[in-house]
Structure formats: C-alpha cells, structure tokens
Amino acid sequence: MLEVRGLRKVFDQGGTQTVAVGNISFSLGEEEFLAIVGPSGCGKTTLLRCVAGLSQPTGGQVVLGGRPVVEPPPEMVLVFQDYTRSLCPWRKVLGNVLLALEHGVLTRAQQRRRAMDALRLVALEGFENHYPWQLSGGMQQRLQIARALAYRARIMLMDEPFGSLDALTRAELEDQFLAIWGAATGSILFVTHDIEEAVYLADRVLILGPRPSEVVAELAIALPRPRHQLHTRADPRFVEYRNAIFTRIWAKDTASAPAAAGRGA
Amino acid sequence: MSRARQGAGAGPKVRAAYGIGTLAVLLALWEAASRAGWVPRRFLPPISEVLVVFARLWADGAFPGHLGATLLRMAAGGLLAVVVGIGLGTAMGYRRSIAELFRPVAEFLRPMPPVAIIPALILLLGIGDGMKVVVIAFGCVWPILLNTADGVGGVHPILVDVARNFRFSHAATLRKIVLPAALPQIAAGLRVSLAIAFILSLVSEMIGSTNGLGYFILVAQRSFRIREMYAGVVLLAVVGYLLNACFLKLEARALAWHRATAGASTT
Amino acid sequence: MGPGSRRMLRGLVPVAVLAAAWEAAPRAGLVDPAFLPPAGAVLGAWGDLAWSGELPRQVLVTARAWAQGFVLAAVLGIAGGLVMAFLPTARAMFSLVVELLRPMPSVAIIPIAILVLGLGDAMKVAVIAYAALWPILLNSLYGVDGVERRLHDVARTFHLGRWRTAWRILLPAASPLIATGLRVSSGIALILAVTAELVAGQSGLGSFILQAQLAIRVAEMYAGILTVAVLGFGLNLLLGAVEGRMLAWHRGATAKETA
C-alpha cells in the first residue's frame, strides 16, 4: 500500500549540506504495525515528515496506493511526540478532536458523534469539556491519538509518541494503544528509539543506521497477539529479537565510528 | 508562606481597610487643605465643590458630549490601527520577507512620540476629526503591528504541521490555528494601544479642537473655571479606570485558556 | 552577499521607497508642496538648522527637561515601588490609590501643572515626572513581587534577615524588570516633554515645531519632527541596551523549552 523507494533528504543551510536521510526503502502493508528504530540523529523524524508529505525528499519517492506523495494526503495522519504543542490549548478536549473533522463533509451532529466515539476508544469519555492543560501527560497524548483516530486515516504515522512520558505511563499507553489498534483499522508506522518498545508493539521492525541513514536490517516479530507487558517481555523470543536489534545497531555504530572505540561499555 | 509577600499577617479585609482608609484620609486632607486655606483655593478648590460641579456638568450634557467625542475618536483611530496592524502584522508573521521589509521601519517609528506629527497633520488635514483619527491610528498601530507579527511568527511549527496534515486551507489555518494561538500576544498589543489611543485623543484635542475632554480641561484652565477643570480630570481618571477594567475583563474571558496554560506545569 | 546584509538591504527598501515618494509626490503636485515639501527641501532645512545651532539648542532644552523629569521619576518610582514592596503596611495603604491613579491618562495633569506652575520649565519637569513615574513604580513593585519563591527560601535557609535579603537577593533579582520599567518610562518622558512643549511650552522641540507650523515655515517644521523621531529612536536604543545588559542573565537563567 505504502512504498518508500530510495528516499533521500539533504538539508542545505547556508552552504553546508547535511544528509539527514541517506537511502531508505521499505513498504508498509495494510493492517500492519511497522516500527522503525535507530540511534538519535539518524533522521527518523525527517523520514516521517517526508512520508507524510510535509517535507519534499531530495531524492527517491514516497508512493501511496500507486500515486506519489507530494503534499499531505488524506490517508495519513501524524501523531507527534510533543503532545502539548500539537494540541490547541484554546479548545476543549472535544474541540481538539473536532479539529480533525471540521474540514470534512460531515454534519455537526455526525462530527460530534465521531469525536465522542474516538474519545471513548481512548478512555477519555467524560472529559469533553476539560481543557488540555487540565489533563495529565498521558491523557493529553491519548487526546492527540483520539484526534488522529477521528480523522479515520488508513495510515497513522507516530513520531516517538510515548517518548515524553514516564515509564509507568508509557507501559500503560502501549497496551491501551495496542487495544485501540485492534479495535480500529489501519496501518501504523511507529518511530522510536526504544528497542524494547518496538519489539513489544510491532509486527515488523526496521533498523536504521546512523546518519546518513539507510535500512540496515529488517526483523519480523513473530510474537503472539495480544501482547502482554509481563508475559511477552519474558518470552525468550522477545529477548532474542531485542538482542539482535541491539547488536545490529551497535555493530553499525562501531563500524562507522572507529575513533570512538575505547569509550566505556 | 513568605512574610515579605503578605501584609504583616493581615488578611484581605484588613488590607482593603487600609487602602480605603488611606484614600479617605487623602480626600479629607484635600477638603481640609482647601477650605482652611493651606493651599490657595484658586489652585485647589475643595473636592466637595468639584464633585458638585461634576454632577452639574454631567446632568446638563456637557460631559456626555465631550466624553462621547473623545471616545468616538478613539474608536475610529483604534479601529484603523487594528485593521492595519493585525493585517500587516499577520502578513509579517507569515512571511519572513515581508517581516524583513517592514520591521526596520516599524522599529524606527515606534519610539517616536506621535504627538510630534500633530502640527504637520493640522497643516495637511486641518483641526477636524480626520487629523485626530490619523494621529491616534499612527500611535496605536505599532504595538498592535509588532505584537501581531511576533504572535503569528511564534506559532509553534508543530501546530502548523497539524494544520497541513489535516489539509486545512490557508484561510482555515489562519482562522483555526494561527490567530487563536497568537491571540495572547495580540491582546497585549491591544491593551497598550488602548492607553495610547486615550492619551493621543486628549492631546490632539488640547492642541486643536472645539470639543472633547482634552479641549475641555485645557480651556477650563485657561478661562479659570478651575472647579470645572478638576471635574474634568476626575472624569478622566474614572473613564481611564473603567476602560482599563472593561478591557481586562474581556481579555480574561477570551484568554481564560491561556492564563491557565501559562500557570500550569506540564509533565 | 550574506543573508544578514541581504536582510538589512531589504529593510532599507521601504525607507528608500518612502523617501523617493516623499521627494516625488510634492514635486509632481500629488501633495500640496506648501504643506508637504519634498524630502530634499526638508533635509536642506534640517542641515541649515543644525548648522546654525538652532536645532541643537532646542534639542538641548527638550533633553534637559526630559532628563530632569526622568531622573525625578526614577528616584521617586524606585523608592516608592520598593517601599511598597518591602513594607506590607505601606503596600496595603497605597495599593488602592495607585490602582485608581494609574489608569488616568497622565496628560490630564497638564492643565493642573500649568495652573500651579505656570508655563515654564518647572511645569514641564513636573508633568514628565508624573507620567514617567508609573511604569517605574509598578515595575519595581512587581519586580520584587515576582522574585521566585525559591530565592526567598534560599535567603531563609541562610538566615539572611529581612534587609539583607532585600538588598542582596530581591533587588538584584528584580533589576531586569526595573530596567524594563526605566526603558518604557524614558519613552513616556519624551512623549510628555514634547507634548507639554506643544501645548504650552515656550521652548524646546515641541514648541519649535508648533511655531514653525504657525509661521508656515513648513520645511523647518518637518525638520523638527524628524529630529524628535531620531531622538526617540536614540533614547530607546540607549535604554534598550541597558535593559538588555540587565536581562541577559535573566533571559538565560529563566529560559525554558520554548517554541
């Protein structure tokens, strides 16, 4: 459904060229949960923005349903890490979800119904008249997800969505999100620096190398669903996947940075 | 609770009493000083007499007339400044090239005392309302313009990304995302402009006019109608207070979300 | 040509356009040259007045009144603000009066000042000082108020006592806001100086502009107006730099993650 072919993004700032994304190719199928991990600075956010049509690639192509992506298509929706900045503080919770719907063809009543459905999915029912600042971090992120769900896109692009949350909230939200994804339909493209989170959530994990980034490896995750914080993470296969990814990332690291050898463990 | 910030353990009622008490004492002093002749009556008539004249001027329509004229000019000049300021300011916030074009001129003209152009405007436009409205607009536009430019320019890029993600038109982005996000900053500019509009209306009336409160108090002084002069000053204090209070109330209502966000911590 | 110089050049474009329009429009008759002489004529008059010493003299008169009024306002404002900040009784007593007087437009004082002090310099200085007082007083008060709780706690931990806390911690912490108040007041002081001169003055730039207008010495009038603009710009730059110095550490220390 979604194909990324040889994506390359170079930033030119006053003479100096930075290659944020070197050469990335992959595909995303229907109803698939694809996670992308990589070291910091490897251009994961840039990749996501190019896929979403917010940024023009310098080379290569993003193809959705056979057509190239040149501007944000209606089939994709983004969820940002910085939830506070992506929500509208002047709108209440319901108003924030409605933001995704006001532009469409639905009547007011239909919009409201769909918004309430989305809030119910993320367990924020009852908070419609609260302001975002009155919610905790985890709840604000759920609100952003509700907004994305209401948009009914086929692909949800998520940029380290749980990265700003504390560990306990993150674990909670991981499970809640898996449940939501089970109930709703669509594919997820999930960027994270947390290897365990990637293995825990995804069907497939893409490993990126450091800048200029390329796909170093791909791993299919054959863990049973539904996933469980205790059982799945104790599964020996989980540990295998996790170690495999770590090794791959470290190997690429030391291979391309010999001068850094000699730093501690 | 730090003691330096509380009135020596006094509650709000006690503090209010102090405040009202001091005011009462000062007013009583005014009355006494004038009646007893400590201050010459021709410089400071008793406040009781001033208030009587105040009531009379209000009842016989003099005050409403002059006040209305002043407020109308403020409104006209302010409206002009708002249209130009928010319009151009939004453009400046959107496009860096426009900002670079206009900001230096704006930064140069902003600290200039607008009163200085009044004589030139009198030559060009006479001493009518046109001159006054232009002066008021000229003085008010800068805070509005620069604050709007800052507010619009400072809208967080993520919000803009959200608008693009949802495929909003430019008009929708402006209406739903940019202007609400910039509103706190714009409101700050408007608050400053309100005070400026008031002052410039009065000054332009003092220099060339046939009505308005500025004209009234100056002419009262020149014709030695001192109690009327003081009554006018009192009216100006009251009007200033009310204008400010109303604006703050409106602002608080429109920006309830902002105050809360600014005060809350995000974890 | 780097981006910085390109930006500066772009900033000069409207100036150039305005200057060109100012020169062309009166010459072409679009505006009556009797009321708006071409830019060149104004600049010529400006040069003549500067050379003859007339303008510098007027600038000095205005500047002197400005300085006297501003210093008076600064002293009274900082003193008053700090007294109210550190003495809760004084604060309770005067808060109401301050809240009532502060929204009153300061130009309302002008007729009273003329009545009591006549038309001379004393009147001007009094008006300037009254108007410029408020931002400084309020900012001094709020500056001390706004000092972080934590710093008060630090002072208590070290048993600094009331006055040493005030002197060593609260005052320095409040100084950026006080500096801002001084900058704002400097602009207000100039406005009132020119206003007082326009309304009732015998000398100074405001009076000069008015006399030129009445005598239809139009180019000279505009030259005077330009001088006021330059003066205002210069003062703002000067006090802005001072404020910038005071705010430098403040901005760095209080910078949180922003847009």
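By letter and in written order, the chains are A, B and C; residue numbering begins at 1 in each of them.
Everything that follows uses one rule, which is that contacts are C-beta pairs under 8 Å (C-beta built on N, C-alpha and C of every residue); 3 or more make two chains touch, one makes a residue touch a chain.
What you see is a predicted model; the values in this text were computed from it and never measured.
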Identity of the chain that, by mean CA position, is farthest from subunit B: A
Two chains joined by the most C-beta pairs in contact, as defined above: B-C
For subunit B paired with subunit C, centre-to-centre distance based on mean C-alpha positions, whole Å: 17
Centroid spacing, where centroids are CA-atom means, of subunit A and subunit C in whole angstrom: 52
Approximate Å spacing (C-alpha centroids) for the pair subunit A, subunit B: 48
Touching two or more other chains - residue numbers and ranges from subunit B: 156
Contacts with 2+ other chains: residues of subunit C: 259
Subunit A, residues touching no fewer than two other chains: 85
Contact set on subunit C toward subunit B in their complex: 7-8, 10-15, 18, 31, 35-36, 85-86, 88-89, 91-97, 100-101, 103-112, 114-116, 145, 149, 152-153, 156, 162, 165-166, 170, 187, 190-191, 194-195, 198-199, 205-206, 209-210, 212-213, 216, 218, 221-222, 224-225, 228-229, 232-233, 235-236, 259
List of subunit B residues in touch with subunit C within their complex: 2, 4-8, 10, 14-16, 18-23, 26, 43, 97, 100-105, 108-120, 122-124, 154-157, 195, 198-199, 202-203, 206-207, 214, 217-218, 220-221, 226, 229-230, 232-233, 236-237, 240-241, 243-244
In the complex, subunit A residues that touch subunit B: 49, 52, 54, 71-72, 74, 76-78, 80, 82, 84-86, 88-91, 99-100, 102-103, 131-134, 136-137, 151, 166
Subunit B to subunit A touching residues, read off their complex: 156, 158-159, 161-162, 164-168, 172, 176-177, 180-181, 183, 257-258, 260-261, 264, 266-267
